[in-house]
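Should a chain be cited, it is by its letter among A, B, C and D, assigned in written order, with residues numbered from 1 in that chain.
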Amino acid sequence: MEAKELIARRVAQEIAPGMLVNLGIGLPSLVANFVPAERGVFFQAENGVIGLGARPPEGMQDPHLTDAGGGFVTAVPGAASIDSAMSFGLIRGGHLDMTVLGGLEVDEAGMLANWKVPGKMVPGMGGAMDLVTGAARVVVAMQHSARGGSKIVPKCSLPLTSLRRVSLVVTDLAVIEPSDAGLVLRERAPGVSVAAIRAATAARLIVPEEVPEMRLG
Amino acid sequence: MEAKELIARRVAQEIAPGMLVNLGIGLPSLVANFVPAERGVFFQAENGVIGLGARPPEGMQDPHLTDAGGGFVTAVPGAASIDSAMSFGLIRGGHLDMTVLGGLEVDEAGMLANWKVPGKMVPGMGGAMDLVTGAARVVVAMQHSARGGSKIVPKCSLPLTSLRRVSLVVTDLAVIEPSDAGLVLRERAPGVSVAAIRAATAARLIVPEEVPEMRLG
Amino acid sequence: MKGLKAEAAAELIPDGASLLIGGFMAVGTPERLIDALIARRAEGLTVIANDTAMPGKGIGKLISAGAVRRAVVSHIGLNPETQAKMLAGELAVELVPQGTLVERIRAGGVGLGGVLTPTGLGTEVEDGKPVIEVEGRRYLLETPIRADFALLAAWQADYVGNLCYSLTAHNFNPVMALSGKTVIAEPEAIVPVGVIPPDAVKTPGVLVDHLILRE
Amino acid sequence: MKGLKAEAAAELIPDGASLLIGGFMAVGTPERLIDALIARRAEGLTVIANDTAMPGKGIGKLISAGAVRRAVVSHIGLNPETQAKMLAGELAVELVPQGTLVERIRAGGVGLGGVLTPTGLGTEVEDGKPVIEVEGRRYLLETPIRADFALLAAWQADYVGNLCYSLTAHNFNPVMALSGKTVIAEPEAIVPVGVIPPDAVKTPGVLVDHLILRE
């Protein structure tokens, strides 16, 4: 299984029936593919729809119906249009059950950095600061390493997204849960050993006696 | 002409084509009767409609369409429904061209008191504090005197509605304009002398050489 | 989304609870929920609403029944019972300017810690509140309001709880939908999903916990 | 209400003006107004918007044309030209969290002196801003934003300027309608009064100064 699919499949297991979930641009947007429609989940795109659906059939794209990345989407029955004030009112006000975002770094305190590499790449925070501050649960979906370096570090060197600790980190190697005591290794990717995860992780990991393989649905 | 009609007719002269105007409960609500439909004025009721119209025909009242006093109204073509956040957003944000309110007292500084007689009558401020603070022009429509006493006083003894100076006071005797220098007597009611107005007014009045009779349209 | 009879909803609401109740002079107020609260002899309630309507209508019925201990409202002028109970010390009334009230409720619902408003400066409303200067102008800091329950009246609801409202029956309802820990909506009609198009939804169903079913 | 051709509207907007421009990645952005600004070689503009779209679309065209001196936006990640001009010092970019941006614009439009938000606390966004504690929690004080013009895209407008929007093309448009000193709307269709029912109006016509007419 490709790394991105693995991550998206594992994140999808976190999503319970009836939740309102925001998926970020890129990798997180793949998560929707692995959540069965019967689960009755509403996906929110911060640009203004609750009840985001799959890609539209060819030739039926509506220029007024896109996701936050600008890609064409559909709306499910029961969808609602909202403006940006309502969209971020839901996010900041704690009405969003879960947000799934990409990350550049996560550190031992569970802090996330994902919007700026000073002097190099400055995409901007978009909705990320509000999402990480306001959502009931914050799940970071990212590759474990980039350019050979661990993205899970003792302390973020990049500008933080929020002082709010994230709830869960899902990578192609592991599921890690930040806690008061530090980063707890909860699950291993299929066929990956605890030792391999430790070797690929710059941060200190707390390793319980049992570290099961990921549930992938 | 009855006092209330006189006041309402005179206030109606202040309303220019295309304005957005809020009319308070009671006397101010009569003003609409003297503004021709052709003037293209939009009346706002703070409870949620822009484009308030006349009373509905008997049997055609809609329980979802009332003015701020709870009376049945209609909506003109081009009307818009708004919620209370938008309604007061328009009011506080300076989008309202004029508000017409009742008053208990107006003083020499142009301050208005109209929401409370401590220990006796406490209707509450409703939207009055926002209206007086936010509307582009604030017109007070009231009887000149109550229970034999002048309502235009040196200094308000009742709790103030706002620190904002009102724009104009229209009574059954006079039109008075608050200014940096004090209350300026601008017009007399038909057949009422300056001396009679002075005698009925507890506050000091600035009287220009010419004090014409009210224009009543 | 859970459909409930009004009586069952009233059982969910304990004595002493704080309630945001939609409506303006009883227009856009959930009358069946109010009747059910009175039928179960609710007491000690805190009611946050625009007004207390008039005797015999909407929130006025809760006042007459003695169910309300504290009212946070902008206007009581058309309900002499509220005024009488207040002056007799039987009912605590906190008066809040209407525009400030709606912004405080919105702030509670959208996760803001407060808003700065010029309304009330230099009046009794200022008492005890911080005054903050921004760009040379002074404002009152007004804090957020949330409540245990929001009781809403709607025009139509669909099966997932999307709500729309009619004309002046919007008033406080769409804002209060954001700010109750539990949100209960009493629609005039419940329609299948898809009957309310996305652009007509004023309150997304994700905010609504319970719909009051037809009698 | 005054109907205008896009070219005439662009003449109303002087060089150096501040513009609120609706849209999210160019969805819900008034493209004809932008084209007209570029055709008249506008320069020195301050643009306040969610993002700068991508080259060749919406606000991206203004960036490419060098018409913008300063951008106040939440995201520029999908427009490499914006990033390049920023890093080269040709364009000042102020990044604002998206939820904070929309609340600041709303505050400007509804007469609030500011709002308190938890978003940005402890990050670079906090720099230079007052931190205010309310009920034991800390918030950033964020100040209102207004602009000389608001340039909106709408789905339908009627002859008195009432506007409605479609699906994700709402985004910042309804909020920006409150906060431009002059508000210019570019609808896809202009319909007679009464075609848009009162409950479907998202922006009351009283807020709109000019409608862009059909070509």
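The definition used in the following text is that a residue touches a chain if its C-beta (ideal position, glycine included) is under 8 Å from a C-beta of that chain, and two chains touch if they have at least 3 such contacts.
Source: prediction; values computed, not measured.
The chains that touch both chain B and chain C are D.
Distances between chain centres, each the mean of the C-alpha atoms, put A farthest from chain B.
Interface comparison, A-D against B-D: more C-beta pairs in contact at A-D.
Per-chain Cα centroids separate chain C from chain D by 32 Å. Per-chain CA centroids place chain A at a distance of 55 Å from chain B. If each chain is reduced to the centroid of its CA atoms, chain A and chain D end up 28 Å from each other. A straight line joining the Cα centres of chain B and chain D is 35 Å long.
Annotation for chain A: residues 49, 75, 81-82, 85, 88, 91-92, 134 touch two or more other chains. For chain C, residues that reach two or more other chains under the stated contact definition are 103, 106, 110-112, 117-118, 165-167, 198-199. Listed by label, the pairs of touching chains are A-C, A-D, B-C, B-D, C-D.
Here chain B touches chain D in the complex through residues 20, 42, 49-51, 75, 77-82, 85-86, 88-95, 134, going by the rule given at the top. Taken in their complex, chain C has these residues touching chain B: 24-28, 50-51, 54, 73-78, 83, 86-87, 93, 95, 97-100, 102-103, 106, 117-125, 155, 165-175, 202. Residues 45-49, 62-66, 68-70, 75, 81-85, 88, 91-92, 116, 119, 121-130, 133-134, 159-163 of chain A touch chain D in their complex. Interface of chain C with chain A (complex): residues 106, 109-112, 158-160, 162, 178, 193-194, 198-199, 201, 204-207.
Looking at the complex, you find that chain C touches chain D at residues 103, 107, 110-118, 132, 134-135, 137, 139, 141, 143-144, 164-167, 198-200.
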